[in-house]
Structure formats: C-alpha cells, structure tokens
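Data block below; observations after.
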Amino acid sequence: MKKKLLYGQVGGSLGAFIGGVHRVGASFDGYARLAAGCFSRDPEANRETGEFYELAPDRIYPDFRTMAEAEGRREDGIDFAVITTPNNAHYEAARAFLENGIHVLCEKPLCFEVKEAEELKRIACEKGLLFCVNYSYSGNVLAKEARSLIRSGVIGEIINVNAEYLQEYLVDDVGAGDEAMVKLSSWRKDPAVAGISNCVGDIGSHIEHTVAYMTGLKLKRVAALTDTFGQPLDLNANILVEFENGAHGVYSCSQVCVGHMNGLTVRIFGTLGAIEWVQENPNVLYVTLKGQPTQIYNRGMGYISPEAAAFSRLPSGHPEGLFVAFANIYKAFVSAVLKTENGEPLGPEDLDFPDLDAGIAGVRFIHACVESGKNDAKWVNV
Amino acid sequence: MKKKLLYGQVGGSLGAFIGGVHRVGASFDGYARLAAGCFSRDPEANRETGEFYELAPDRIYPDFRTMAEAEGRREDGIDFAVITTPNNAHYEAARAFLENGIHVLCEKPLCFEVKEAEELKRIACEKGLLFCVNYSYSGNVLAKEARSLIRSGVIGEIINVNAEYLQEYLVDDVGAGDEAMVKLSSWRKDPAVAGISNCVGDIGSHIEHTVAYMTGLKLKRVAALTDTFGQPLDLNANILVEFENGAHGVYSCSQVCVGHMNGLTVRIFGTLGAIEWVQENPNVLYVTLKGQPTQIYNRGMGYISPEAAAFSRLPSGHPEGLFVAFANIYKAFVSAVLKTENGEPLGPEDLDFPDLDAGIAGVRFIHACVESGKNDAKWVNV
Amino acid sequence: MKKKLLYGQVGGSLGAFIGGVHRVGASFDGYARLAAGCFSRDPEANRETGEFYELAPDRIYPDFRTMAEAEGRREDGIDFAVITTPNNAHYEAARAFLENGIHVLCEKPLCFEVKEAEELKRIACEKGLLFCVNYSYSGNVLAKEARSLIRSGVIGEIINVNAEYLQEYLVDDVGAGDEAMVKLSSWRKDPAVAGISNCVGDIGSHIEHTVAYMTGLKLKRVAALTDTFGQPLDLNANILVEFENGAHGVYSCSQVCVGHMNGLTVRIFGTLGAIEWVQENPNVLYVTLKGQPTQIYNRGMGYISPEAAAFSRLPSGHPEGLFVAFANIYKAFVSAVLKTENGEPLGPEDLDFPDLDAGIAGVRFIHACVESGKNDAKWVNV
Amino acid sequence: MKKKLLYGQVGGSLGAFIGGVHRVGASFDGYARLAAGCFSRDPEANRETGEFYELAPDRIYPDFRTMAEAEGRREDGIDFAVITTPNNAHYEAARAFLENGIHVLCEKPLCFEVKEAEELKRIACEKGLLFCVNYSYSGNVLAKEARSLIRSGVIGEIINVNAEYLQEYLVDDVGAGDEAMVKLSSWRKDPAVAGISNCVGDIGSHIEHTVAYMTGLKLKRVAALTDTFGQPLDLNANILVEFENGAHGVYSCSQVCVGHMNGLTVRIFGTLGAIEWVQENPNVLYVTLKGQPTQIYNRGMGYISPEAAAFSRLPSGHPEGLFVAFANIYKAFVSAVLKTENGEPLGPEDLDFPDLDAGIAGVRFIHACVESGKNDAKWVNV
C-alpha cells in the first residue's frame, strides 16, 4: 500500500510564479513529494531548481519527453506529473506522461485544439490514468459550498448567470501598437505560445469552469464581443451565453479594467434564490433566498455542507487564500491517485477536481468565443 | 420677477409611490408650490388628494386636458406640469401641457414611440418650453461627480462599460403563466399600459441614461438577449452595447435576480482610470487611477468638483438618498424654468437635468433592445 | 377635529444647516406647516427667512419669548415650536413655549444642566404637553428594526455593547492652540455656547441615545478618557460603560479621526445573537444569530417588523437618508400632537420619538463623562 | 555555509490546529526542514506524527528536555525549535532549547510571568540565540505596509488608537456555570494551562502586539473592564489604553461577540491621516489622508513599500491568508537564523519578526489587564 506519492514537475523554475504556487500547494498535506523535474529549457535554471529541491541529479531532466520515459521506466518513478509550462507545451507534455503510464495534473487551458483535448481523454481512459486540469478557483471551500447549495436545490432552477473576471494589468497595451509586444512582453500575448486567445483563454476560461463547476449547467452557445485594441490577441470580452437548460447570462473578462486586480465574481440566479462568490475575498459566500435577507456564509462554520467543509483547513475568520485553493485541488487529486495506485475503487466523492471533461469544455469555450468574436459577436455553438 | 413657481401634477394620488416622491422632491428647496392637479381618474381619490394639499377646488381637474387648457388660460396658471402617470398617458399629457404653453417634467420612459418623442421635442422647441424627463438617478451628487471626472479626462478615453440594474421583485412570475398577470398585477407587465417592454423599459432605460449622462457617449447599436419567462413582456435582459467611439460594454437588467433590490451599478473603464457608482449606496463613488489604490470619494468633501458639490445638501457622512436625487432634478429644472420665465438667458450650466434628447435616446434604446430581443440578439442600431 | 398642524421655528435662518433639515423633515408628510418663526438674532436674516416661507409679517418675531407669548395667545397659534438654535438657548426657549401651552420639538442636547432638563419635564407634565428631543438617528427605519428585534428577544440578553461616532472634521485643531478658536470658529467649541462638552455633547450623546433606544438598557456608570488636545473642550473620548443589567461596553466618539465623516456605528451583542447598524449606510442592518450566517436586513422588505416598516417610505433598494430620519421623527411627533390636540388618547405605539426622559438621560450622560474625563477616567454614576 | 536549516517541533501532533499551520508555514520557502520532534505526550500520537513526516526514529522524542539535550549534542542537530504547545509549557521548553544552544520560535503568549520572559531574554542574549514569538498577524504584508506608512510620517503623530479582536465561539459559556468547563472543554479556559487570562491572553495580546508593531508606540497604562460571565477566566474585555506619547485609545477583545469569527481590526489615527487593517480580509489596507478620499491599498501593487512588498508572494488580487502570514514570520526568522549560523551580521532589516521584547511586552500587557480587571478597571501601569 502506498501512503505517499512522488511527483515530477515540468516548468516552474525558481522564480516562476505559478510553478512555485504548485509546489506549495502540493506540499500542504504531506502526501506528495517532488522527486523529478524539468523546470526550464535553460539548463542552468533547470539544475538550480532541481538542486534547491534536493532532487537526485539523474532526476533533473533536460526535457519532458526524456523525463516521461525515464520516470515511466523507474521502479520508483513518479506517480504523477505536474505541467506548469506556457500553454503551447501542455498538450505534448501531457501526452508524453500519459503514454508512459503517469497520471497528470496540468495547468489550464488544457491545450490549443479540441481534438488534442479529446485525444488526451482517449489515452487517459485507455490507460486508466487520472488527469486534473488546474482550474484552481474551484478548489476554494466556498466555491464548493456554492456547488453544494445549488445541487441541493435551495436556489431553485437557474434562470440567469452573471459572471466576470476583470484585471487591469494590461491596460497600457490599449492602442500601444507593436511596441506593446516588446515593452510589456508576456507570452500570454503571443499567439504562438498562448494560442488563439489571451484574455478569454487565460481568465475567461476560469469563468466558464467556475460556473460549470458550481451549477453543473452545460453551455450551449456564446456570442462574444471581443476587443484586441490593436494587439494580436484579445484583451477584453463581453460574452452572452446560453445554457442547455435555456438559461441565459453574461460573462465579462478583461485585462484592461482599471481598479480590478483579479476580480473573478460569479453570481448565479435561480427561481428560489441566488449565490454570489468573489474570488478576491474567497472566505465568504453570499446566499439569498427569495424575499429573505442576504446571508453571508463564512467558511469554517458549522452550517457549511460536509462535502465543502472537508476542504476547510482553518477555523472561520482565519483567511484561506490562493495557496489553499491549490492545496485543495492537490488534496482531491492526490487522494484519488493514491486510491487508484492502491487499487481502491473511486466513487464520485473522490473526483472533486477538474478533469479532462472540464479541460475539453474549456477549449471548446475558447474556440467558440474566438470564432464569435471574429464574426461580430454572432452566436456560435460550444 | 418671479421668485417662486407654481406647478400642477398629473397622476400621483395619495398613496401612489412615485407621485409622492415627486411632491417631496419638488418641495425641498421651497421654490415650487403645488397649485393644481388631476391626480386620479377616480374622482374621489382625485378630490381627496387635491384637498389634502389645500388646492383651490377649481384647480382640481377631472383630466389632464381640461387642466392644461384651464391652467394655460389663467393669469396665475401653473408654470410647469409634473406627469407621474403610468407610461401610456405620458405622451398625450405632455403634449397637452406643451401646447398650452406650460413647461413639463415627465416620468420616464418619455413615451412609446420615437416619433412621439420627436414630436414633443418639436413642440417644445417651437414654444420655447423646457422639458425634463425624470431619470432621477442622475440627480445624485456622485453621479454628477462621475460625469465631472470623466469630462475632465482623468480616466482617459473610455474603452469598456459594465452596467447593471438588478431587482428581484418579479421572480415569482418566472413560469407562472397567465396567473401571474392576475396574481401579481402590475401595470408594468401589461403591454397596453407599459408599452413594448417591461424590464428594459422600466430599469434598462435607467442604465442607458445614467451611462450616457456620466460619459457623454452615444450608443451605436445593441444586441439584447431578453427573457420573458412566459410573461407578455421581458423580465430579464443581457445586452451587448457598442458606442459610437468604438467602445464596447454590457448592460444587464433584471426583475428576477434574487438578492438585488434596486441594484443600479455603473462601471466606466477608461485608458487611465475607472469609476464605479452604486445607486443603493449613492454617497460614495469609487475612483481608481491606473496602478493606484482605489479611492472612495465621499459626497460632501472638499475635493468634489464645484458643479457636483452645488447639489450636495448635507455634510459628508450624512446620507442623502432618493428623495434628494429627486430634489436635485427639481432644483435644476425649477431654477431653469424660473430663469426662463424671468427672461434670463440659460447657459449650459443651467441645464443639468435630463432633457428631451435624453428622453428620445431612451425610447430609441428600448425599441432597439426589443427588436434585438425578438431576433435572437442580433445587432440593432440605436 | 384638526387635520393638520401649524408650527413655528426658533433658529434656522436661510443657509443654516440643521434648521433647513428640520423644515424639510417637517414638510415630508404634509401634516405640519411653518406659520411663525424667529430665525435669527439678525433682523434682516430673520425677515428674509420668514418672507421666503411666506409667513404673515406679524408672525416673524424678534425673539423666542415674544413669539411664545404671542403664539400662545392667538386663536390660530402654532401647535408646536421647533428649536434649532445653538445649545445655550435650548432651555430658555423650550421653557417659554411650554409655559405658553405650546408643544416643543428641540434639538439635542436638551440643555446644559440636569435640573433644567427636569424642570422642563415638570412643566410639560403639568401642562400635558408633548416634547420631542431630536435624536434624529433613531428616526431611521432600521434603527427601529434593531429595537424591535432586540425587544423580541431574538438576540437574547445583552452582554456587551460596542458603539462609536467618529468624525475627522476638527483634526486640524489638535495642538493648534488658541488660534484654532479663531481659525476654525465653531460655536461647538465655545463653552459659553456649547456647554461643558463639545465632542461628547455633540456626538457622544447620539451614541448614548441610539443604544438606549435600541436596547432599552439604562446606563449605570461611565469611565471616560477624554482628550482636548489643547482646546477648551473635548475633541475625543473613549468611554467604558456599565449598564444596570450588568452588561459592559465601550463608546468611542471623536472629531479628530481621519477617514470618518459621520461614523455612528452601533453593535449590540447578546447571548443569542447580535445586531450592527451603521448610520452612514442606514438602509441595511446586520443581524447574526449564534452560529449562523450574518444576515443583511434591507429596509423595505417583507420581513421587517410592522412597527419599523410603518416608517419606511420607499421600496427596498431606494435609499433613504438623513432627511427621512428627520421626517420620521416628525411623523411620530406630529401624529402624537395631532391626536393630543384632538383629545384622542395616546398609546405607547404613538410615542416612538425621543422624549424628555431621553433628553434628561443625555444631559446626565454628558455630565458624567465630563466629570470622569476630568478625573483620570474614574467611574462616575450616570 | 549552510543553505538550509533543520528544525524540531514541540507539540502539534497530527490533527492539532496551530501545530499544522506552523509546519506548512515553515515549508513555504523551502529553507527549513522538519528533522525532529516531540509532538505529543501521548506516545502513539507522537510516533505517528514523526513517522508521517518521515523523521528518523531516534529524533522522535518523548519530551522536550530529552529532545533539547540530544539535538544540542548532535553534529547535525536542529538549528531551531518550534514550540506549539499549550501556554503552560512555553517557558520550560523555550528555556531548555536556549540552554542547549538552539534558536527558538515559540507560540504566544511567551510565558506566564514577566520574570520568566526576562529570564528567557537573558539566556538568549547570553548565548547569542535568536528568538521569535509567533504573533503571526504581523507577518501579513499589509500589516507591514501599515508600519511602513506610519514610520514614514504620512499619517503624522498618532493621537488615537481603536483596535479590537472579536470572536463568537465561546458565547455559550456565558452563564453556563461549571458545566461549561466540561461541555466546552478547552485548555484556554483552564487557568492551570492557559495562565491568568483566557481572552486577553489569547487574543487581546494580538491587539497589543499588532498595534505596537505598526506604530512603534509603547503602552504606558491600561484600564481594563473584564467579564468572566461565571467562568474561571475572562471572556470579554474593553480596555482603555494610554501610550507613552500621550495618545489614548481603546482595545476590545471578546470571545462572546456573535457575528465575529476572528475579527482583529486595527485603526490608527494620526494628525495627518489614518490607517485601518482588518485581519479577516488581509489583502487590503485602508489609508486616508486628512481631507482626502480613503484609499484601498492592495497587496501586490507597485505602490507598496519595498520592505512590505518583499513579503508579498502573489500578484494582487490573488488572496494571501493566514498560512502566508505564518510563512512570512518563518521567512524572516529562518533567514536571520541562516545568517547567524553562517556568521553573517544582522541588520535591522533582518529582524522583521516579533522578538523577545515583543514577547515580554505581551506578558506585561496581560498582567496589567488582569490586575486592572480585578480592581474595577483602575489604571495599571504596563
């Protein structure tokens, strides 16, 4: 019986933002240990990072393919791989690990093309491997509580959704012309690395997932009004959405909205009630029943449902933040991998992490929005 | 030289909501006195209301036409008429007073048809009469401060607008079928009285006006996704908008969003900064300059611009609410009527109230949204 | 049967702050009309104000004594007097009207000395006259709802109170020496006019009343740490309080707290729940039951108790502010005076306005705080 | 040259709250590794915890004294000890590690008696050892920014302080008599384990430290009104404070305030401005300059001072919570220990963690409050 897991990381050399958050998130519960990695294409940065984490020198790899093959062969090979590279490497890296029998946790968006996403799903199914796409915000306890409340029927049938993800950090790009690419260099703005979308791909996809996670609704079609402001990729999008149940709504995502740092806000309106959750202050959830006062749910209190409370780590009033959201994604995924490795069956309660279906839905959403955006916001099926 | 004005009211018998707010708003500054009225088609309610306000018996009229003609003939006739009936009477009543040489303040929406609105403008121009359409929220000091800041250029060129007006009070209508019309009777849901739209007409039009007032931007076209939920008129709408300067945005209005009572929130995003104003707490304004902390402007402080501060009645921290917004609409309109009656010229600073152009824009907006809503949210020019 | 009342005003010439708020408040419901006044010791300002309100010339009086006597003699004399002078004139003016058989509504603090306050009560009782002390904040609907909830027992026995009233507007006085009296002239800082206290008298007394109004608790003793910062009177006070039921708490009032404009916040903690009310956003009330989510009560909703809802004038989400709080003080007082004048009996439900007992309690509180403040915050009985 | 440190833990077996937070906090930056421990007096729990963290069996100790001596003798002994036991073991454990030449990070309050605290300081000085007392809230970036702003003089001279730490979790203890000790068993309520105070000791001491950390002010005396509600130790306290610079203020701490989970709020008022920080939403800081709009500082933005920004781990809008506050305490302490171990000199910038002077100040504060509380809130010098 395995009690703990080993993992390897692709990308995320010392100093990289999201790669470091992954390592902290993975370490919270003590069930996963970093044992291998190819952290950078820069050999020096790669080595330094591996040494800092005291990896065996032969497990610091020059590229993900070598790593996937070597680790797949080792008796004590890693149990899962964590992919934290820019978007353009996701697909090939994920595929390599799957093909070598290694479970995968990959940053979002999953990949560029829908058919790639479906191919990953095919391989994972075939090999019986688990795959997590890191839509980290659904790791928050109160995002889970929102889901739990909505599932319970307490807000009734969903009739309208209003969600947004607003940032200001690229506002200087507006009208900046080609210089912007140089001045404010970011791979997210480079189609070769980011893919067909910047804003919708990076943050709009979080709206799509968070709403889907909370509500279980399927998107039917979108009408996306996008703005590039002279840049190669979108910086702003206002998107009408229609769900398969007939409900409508609007998603707004932007990297040029001054005053908003990382403003993911989700509001779900039902026939009997509504919920609102604001990522920047994730420890509260606003719940209103028709005709009643709005209630401020507080993570860590006794009224939180057991399935959400299982992820709460601190008493209420002791704020949990993004690192804990990551830790919760890892908690669910690592626990499921452990069970799988030990031959234990997985129930639905073991799968509370974003999977390949979530990843596929994200890629579809991005494609539909981009196509709509290029066609004057016409409706495009997701 | 007139020092004070007389006015008459159409609609607004004792107990009616908005008519009473008008009377209080008109009375705040002591420059206008109620002198005539036809408050109700119910003669008893009409008489009672007139007597309560100690009107001369011969100035309590059975209908607006009689009133317009009689007051137009009197030496001491009313200086302006206030129209606070349901929507379907606006046009005929406004026209009657204009034709009898009486200035008009009319509830919004101005009327049903664009050509009616233009006809009112034609008559008012011809007769040299002032006309105010009561988009009351632009009477708030900090809505004026938002306009002042935007005009000053401090937030740069506007690139995105996100505004909403959400209410919950009709949520029981969703899927209620014909019974809803009976059970939750409201003229706002009856096309014969409300016109072609309920939600967009009643509250969406406030979004349109408030944004136009603050920004000075002209709407070019809209793509409106509307929901009737089985009722004759719309209860919910998510609307993509495009302005003539090329900026995009989204307007959401709803009467079925649980948790929102009267949630008009306007967020204007520019290349250098942004403002946010929330009607439910109108005494603060959020102003952010690029890269800087959000600032909470407080009505009544020394940094408020003179043109907005001129309408502030209480020291900061002493909340002003909707009655004051109405009082400010009246303050500007009554002052302009006084000047006009006294033969004084009016400058732009005297016209800080919503005029017939605002009223026309509102009717155009409603028509465009309804047409778009009936055509799967296709773009419709405003 | 009287259907409406006449009133006269002392103080409050055109341009004065609080006097104007009174006139608007009195006019909201249409049951009281200004008929007499001595608005200023400056004859010109006095006359101008009277003329603006179209008073009969013989009812514009040179002083309150003449006014009290003349109006007391008139067949159509005023039913009540409104006293809106600086503090030092309250007692004599109130006494003069009472002695001439006229009901009184007086600004707070009621007077300088406890024995004066008791004398006013003696005369009012003897003459069967009503007396309202304008602690305006208890006119707010949700202050009434707080009282209603506490009376209902829903928060249990009160065990702790934390209330504050913070302003910044005198911060420049700190250490400014004698020049401050000149530079920032305000009668509130002049002991001859304001009495023995500035900060506690002006705003601390509002804390005392609001808590007493909501809870019904009697103060037993106070320990007040006061700061004059070199000025003649206090600018800041932190006050420990003990109630007769044994509960403790703290009141903080200040005119030198930057960032706070008019920050009256009251938090009442009981064994089963708690309420919090913030005057600057008076349309919401925070209610928490032990172990449950905080609920945001919204003025105007169906769950508001009938006795509080009776004072709500606008649908929820349409903000009411200070003018409405004043209007509600007048609504209750005017209605009680009308009943009294018509010989109708008054029940407890008719007396929901601050009376002479509230006024006396306020004077006692101020004296106790000042004495404690001069004695190193020793305990002083109220 | 050491690049990383080893540490051992006293207390904090698997499942204990604060001990686990320490381990996560220590692991964030990868510079400290758990190498030894005595986690529980229960041998089974002790062993299990040590095994979970893969400690060498001989470094899982039965008691802290054995551990201190053994680790002190080892060549590869731990560099520092982390003490996360209930309060009554702090002093002896801390002393044991110091005497064996091992740096110490200890939970607060440091110990029971002032002379114990001073003894620890004497030993640490004598041995040249570093000592951190875990007042974790000062690890928050914006608590550091508050300090930085206050030091810069931007808010002027401090004239008033208003701080509170409110919780509801013991409200059922009010009047519960002896049964409460059984029913709601907690060592914090047991004088033998918690010391002379429960509420002031546990959370009041956080107020004292956070204010001292931000302002640099020294407390001169306190007047504490405490409530035990029939329990052995205090559950509620309202405390007047006087600082050596003459400024006054009030501290309120409570475990019986319904609606407050972990509400540490600090407001510092100066002659030129004010700051407010709320632990439950630690990623924003309210800063107001006299006469100006309140500014909402956002952790992670460019305007944050370098000394505070050095501790920020995520871009703004990505919330950091309590784990990060702990990680920051560790970051500063571990970095100072590393330098010390490597013989590098420490500058003031290396000592941004709460030290023994902070610990001593906390014990003095608790004693003064308890003495005052037992003497009817008389002033007691700190």
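Order as written gives the chain letters A, B, C and D; numbering starts at 1 within each chain.
Keep in mind that, in the parts below, a residue touches a chain if its C-beta (ideal position, glycine included) is under 8 Å from a C-beta of that chain, and two chains touch if they have at least 3 such contacts.
Just so it is clear, the model here is predicted, and its values are computed rather than measured.
K.L.:
Does A-C or A-D have the larger number of C-beta pairs in contact?
P.N.:
Per the contact counts, A-D leads.
K.L.:
Just how far, in Å, is the C-alpha centre of chain D from the one of chain A?
P.N.:
Those two chain centres are 34 Å apart.
K.L.:
From the mean C-alpha coordinate of chain A to that of chain C, what's the distance rounded to whole Å?
P.N.:
It comes to 55 Å between the two C-alpha centres.
K.L.:
Could you pull out the residues of chain C that touch at least 2 other chains?
P.N.:
Each of 260, 291, 294, 298, 301 in chain C touches at least two other chains.
K.L.:
Chain touch graph shape: choose line, ring, star, complete or other and state it.
P.N.:
complete
K.L.:
Note which residues of chain B are touching chain C in the complex, please.
P.N.:
17, 21, 23-24, 27-28, 30, 52-53, 167, 169, 260-263, 279-283, 298, 300-301, 314-324
K.L.:
Which positions of chain A touch chain B when the two form their complex?
P.N.:
Chain A residues touching chain B: 155, 159-160, 162, 164, 168, 171-172, 174-175, 223, 225, 227, 229, 236, 238, 240, 242, 248-250, 252, 254, 256-259, 267, 269-274, 276, 286, 288-291, 294, 376-377, 379.
K.L.:
Please give the residue numbers of chain A that touch chain C in the complex, ascending.
P.N.:
Listed in rising order, the residues are 287, 291-298, 301-303.
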